[in-house]
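Have a look at this one before I ask anything.
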Amino acid sequence: MAQAEIPYQEAMPLHDPHSWVTKYWYSQDHKVIAVQYGITAMAVGLLALVLSWIMRLQIGWPGVFGIEPALYYQSFTMHGMIMVIYLLTAFLLGSFGNYLVPLMLGARDMVFPFVNMISYHVYLLSVIILLAGYFVPGGVTGAGWTLYPPQAILTGTPGADWGIASMLLSLAVFIVAFTMGGLNYVTTILQARTRGMTLMRMPLSIWGIFAATVLGLLAFPALFVSAVMMLLDNFVGTSFFMPAISSALEGGMAGGMIEGTDAYEGGSPLLFQHLFWFFGHPEVYIVALPAFGVVSDLISVHARKNIFGYRLMVWAIVAIGVLSFIVWAHHMYVAGMHPYFGFFFATTTLVIAVPTAIKVYNWTLTLWRANIRFTVPMLFAIAFVITFVVGGLTGLFLGNVIVDVPLSDTYFVVAHFHMVMGVAPILVIFGGIYHWYPKITGRMLNDTLGRLHFWFTFLGTYAIYFPMHYLGFVGVPRRYYDHGTTSAFYPESAQFLDKGISVAAFIVGAAQFLFIANLVVSYFRGKPAGDNPWEATSLEWRTPQTPPVHGNWGDKLPTVHRWAYDFSVPGAEQDFIPQDVPREGADGKPQEKGAVAS
Amino acid sequence: MSSEVGQQHPLSIYFAVWVGLFIVSGLSYATDFLQDGLMRWGLILLFMFVKAGYIVAIFMHLKYERWALIYALLLPPGALLVLVGLMWMESDYTWLTRIEYFGEDPYAVAKPVVH
Amino acid sequence: MASAAGHATIIRDWGSDVTTFKGVPWGKAMMWIFLLSDTFIFSCFLTAYMTVRTTTAEPWPNASEVFSLTVLGQSVPLLLIAIMTFDLITSSGTMAMAVNYGYRRDKKKAVRLILATAFFGFVFVSMQAFEWYKLISEGVRPFKNNWGAEQFGACFFMITGFHGLHVSAGVAYLLIIAHRVHKGKYDHTNYEIIEIVGLYWHFVDLVWVFIFAFFYLW
Amino acid sequence: MAVAIFLLIIVVGSVVFTFWSPWWFSEIASNWGGIDTTVLITFWVCGAVFVAIGVFMAYCTWKYRHREGARADYQPENARLEWWLTVITTIGVVAMLAPGLIVWDDYVNPPDEALEFEVLSQQWTWKFRFPGADGVLGTVDVANLSLDNPFGMREDDPAGEDDVLVNSAEVHLPIGQPFKVLLRSRDVLHDFFVPEFRAKMDSVPGMVTYFWFTPTKIGQYQIICAELCGMSHHTMRGWVHVDTEEDFAAWFANQPTWAEMRDGVTRKVYTALAQRGRQVAESSGCLACHTLDGTKVVGPTWQGLWGGEQTLADGSKVMVDEAYVIESVREPNAKVVEGFAPGTMITYGADVVSDDDLEALIAFLREDAAP
């Protein structure tokens, strides 16, 4: 393998494609792999969208559409897991990570392109195993995306035998895929940057992806371990998570699925929850940090202004990443854990609010005295900030242990996490696609369709989730197939509100088809983009060809001379100076201020 | 750094560590003959960390790496210490509720092993 | 050397361009990061073991009795485990020397030492298989045993099984690398590939140190 | 321009929605006013931040929109401003966290005068147990659970003899008396939640969890399960009646103790076939949703079922005979009883309940469930 020192990547052997199959299917080019990840993630994402419609139909008009409880429970389980893992994680790291890391760092490719290629194919396998759950006896699992045992593997929950097996197996396979990709991203970022590219000159997108990948490599093991143990509990009859249980549905004392295994005894259901959230909370930031990074770049580019407080932004990402490992049990305040854990976890959780708030301030302060171009990516970026503010602030309710007590497991939680790690990152994904599509395909996305898509999505999601918080205050519990009409906690006005939310959900969902149509049509008919349509500074816009070819940079890698945010530098001729322009560049004068973050 | 080719150290270091590992393993095996208690536990952990230290520092050459790498590898497992510590408290708490409410015997002894 | 280079290098290295870990080839960096991730996997297994062991109100079987062997009519506790430990340490020693000879460009000795390492690894797995066989024939199952808490069997099979898989994969990895080194695939490099496979192998040994302390001695 | 306007609309709309919408906490019926206070503190702090950021963004997007020839400022950072913002944020966070922790301290430490009662949750209903005269709850073991011992009481623990058992999903509590609620589950995770009390906690099988509260308002309050517990999670309801002390005492005196229940049970003698039918009912899980004592749980009770009439959801009536029972097992959605949701019961094919089993079950119903 090539040496780590310069000249390192110029000599990197590239695996040249010889046929359609090696060019588009078994490709080792990080850009093709990124697109493969993106398309697959979007395809499962559409399934998740349809599943959410099933849920909203039942909630809005209980019983009218003949949706059975099993289907409802299975739908929200699959919706949750697909969105969190197979769409958001896969898209932000698999797709954005793959596409941007080498290009923004000025590298030829990932350090181990072959492993990178396998990563996608293993991910595809995990998706297939997940969907295979629909075809096994009993169907997919309906245990909720948190998959809490004992319920997940006992009769009385849909898919408690084979559905949960397909889910757990699929997760384990996904983790293998993620690890292969993730090792590549981290090693590339740490060891294969181009000349002049110090860590503190990296665009924030890369910082976000880097931190998130490190989190993933350290957090997914906990999920892997719990998946293995739950499979053993279900099929071999071990009792890791299973205490002695006398389930009337199981017919007395319950044991493993295989005949002859004894009854469960002595295990700890809380162990699963701890392990799950030891993964699960970092997972929130695995999704959020790349989104933070990407949105910082979008705001800076389209506001024509450097990102405000770059160094603090980087440290905030690092701090959030570190803290995310000691806050996990704030998902378990009412789970019956050791009561004094509440003090510890409430404190650590609210500490995280500080770096997070700093990021929000810096985004808004970047807008201050800017020169904002309201392009479609910028619209999505602004929508992200306001959505994230709502989601982040409601996180302060749920993180503060006693405030969480009346609100946990109600619609308040549903609204909170959809705002903060559902809608907000997806807005960034959309923004990112509108932003980088010209680089990927060489054509612009249609602007009018883009704006339509934006307004429906932004206002629509707000209309869905903002009122939902108030259902939570009322006390309406989540994951209910039917709230009943006469309950004290479910007044008729709430029924009315639920119908409204459902209607908004259908509209938002339908608007996504505009986006897909836009992607397809613009690929063939879009306006040619040119090399740098947004007049951005980071390296991916400086490739000799658009779209970039295999190997990205031709004979010589670019050399970086400045940070990625030299917008509107006083005295400079243009309002942006790309990273590879020498210090005494554009205007012949030294760029003193550009040195800030170098 | 780059002038040096890989990790070249005299073989004697490896032999010394090798012998050291044998001795410490022997010692940690010997703890099995001690009475249960703080003393035994302390020794088990001590020998464990000595062995782990030898392997990581010398065999895996971490001692000879630069601090940038050493810290990058040794700091993240700190998160695990938090997990282990809290899970220790948690499992103890669960156990106590079982003793109190389910009438389980806290002093139960395992059945003798007959091969 | 780390100590010689001093702490000042931390900021310099992290603040520099191109590479953060100076002089560390890509493959080695990637292996280290993978091992860090793997550390979390084994730690979670061991934490889970600690939790179920502490949680269950059933008494925990006495490991040193369970894993004793009768030699000349005398029951010696943990005998097999002790032999396995020494076997694995020996394999680590041969591995470390293979790395050393690799960097000295003594290909022949390096390959032989790798093969020796693989052999010791194979012996380890065989002994583990024997241990499994013995326990299973004594009625230990993942869901029950004759002496106490049923998690004893579950944790034993899961943790040693997962470690055994790592050893087996390591043996395969060693054999492949030995073959490729022998063929001359890495002649144009410094044979850092031997150090990379060595890292993995030492890690397997490292994990055993923890399993030995926590599972067999506790 | 449109962006600025919409941002303003969102901020103003959110505020208006908060004040004008009818959706807010129900009137509190317990001592946990402290929880409401902390929620309100958090709400106002966060609300203010939301409005400030929203308005600021609206202003920026209007004022600094792109104009020909305009240029943005170049301002990489402003340490002073960043410090200020950090400090102010920290103060805000502490202002929310401190009262929260104080109330939590109260939440996890029940007062000395608190009495205990136990909530036993199972798929998909609630049961309750009070300590008897000795003030101590007897120990329990799930392995003992059966139709005749619905709480799994341990025979070897004399403390359990006088425990008062409430074998239904309705419980009464006296006003003004603090209670430490012990939560136990026989199968999966559940969560005892009464929105009016604000407090909640999961019940976890294999251990006992707790929280405490004092009912402060007379009335009846619905219990809901707030932790996903399987297919009929949404049907897992119950009632807490908060009574005056006299009313409570009268109700309490009517509840059987464990000793009475155990010894007073007249054990019915069934024919062999009906005895097997009873086993079928237990082992196939029928009794998880259908009670024998008239309590309404997930499905219609079997008490007095046989030979009587059932009113269906469409208002028609049907005679409960062999044909109806067979149909209800094999095709549960064919005829749904009034007041129950279709699709709740899963279909039991012949692979689960064989025809012979079904015959035994009918014999059991004939002997046990006749009016």
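In order of appearance the chains are A, B, C and D, and numbering begins at 1 in each one.
Note that in this section a residue touches a chain if its C-beta (ideal position, glycine included) is under 8 Å from a C-beta of that chain, and two chains touch if they have at least 3 such contacts.
Everything quoted here is computed from the prediction, not taken from an experiment.
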Quiz item: Central chain, going by Cα centroids?
Solution: A
Quiz item: So which has more C-beta pairs touching, B-D or A-C?
Solution: A-C
Exercise. Would you kindly tell me how far, in whole Å, the mean C-alpha position of chain C lies from that of chain A?
Key: 34
Quiz item: With chain centres defined as C-alpha means, what is the inter-centre distance between chain B and chain D in Å?
Solution: 44
Practice problem: Give, as an integer number of Å, the spacing between the C-alpha centres of chain B and chain A. | Solution: 36
Quiz item: At what distance in angstrom does the C-alpha mean of chain C lie from that of chain B?
Solution: 13
Practice problem: Hunt down the residues of chain B that sit against at least two other chains at once, touch-wise. | Solution: 2, 76, 83, 87, 90-91, 94, 98, 102
Quiz item: What positions in chain C touch 2 or more of the other chains?
Solution: 14, 20-21, 23-24, 36, 40, 43-44, 47, 51-52, 55-58, 149
Practice problem: Mind pulling the residue numbers of chain D that touch at least two other chains? | Solution: 141, 206-207, 209
Quiz item: Line, ring, star, complete or other: which describes how these chains touch one another?
Solution: other
Quiz item: Which of the residues in chain D come into contact with chain A in the complex?
Solution: 3, 6-7, 10, 14, 17-18, 21-26, 34-35, 38-39, 42-43, 45-46, 49-50, 53-54, 56-57, 60-61, 64-67, 70-78, 81-82, 85-86, 89-90, 93, 96-97, 100-101, 103-105, 107-108, 122-123, 141-143, 145, 152, 183, 186-189, 191, 193, 195-196, 198-207, 209, 221-222, 224-234, 237, 282-285, 287-288, 341-344, 346
Quiz prompt | Touching residues on chain A, where the partner in the complex is chain C | solution = 1-6, 8, 111-112, 179, 183-184, 186-187, 190-201, 217-222, 224-226, 228-229, 232, 236-240, 255-256, 261-262, 265-268, 271, 274-275, 278, 560
Practice problem: Provide the residue numbers of chain D that touch chain B in the complex, in ascending order. | Solution: 137, 139-141, 154, 156-157, 182, 184, 206-209
Quiz item: Can you list the chain A residues touching chain B in their complex?
Solution: 5, 214, 218, 268, 270-271, 274, 278, 325-326, 329, 337-338, 341, 344
Self-check item: Complex contact set, residues of chain B against chain C
Solution: 1-2, 4-9, 11, 14-15, 17-18, 21-22, 25, 28-29, 31-33, 44-45, 47-48, 51-52, 55-56, 58-61, 63-73, 76-77, 80, 83-84, 87-88, 90-92, 94-95, 98-99, 102, 104-106, 108-113, 115
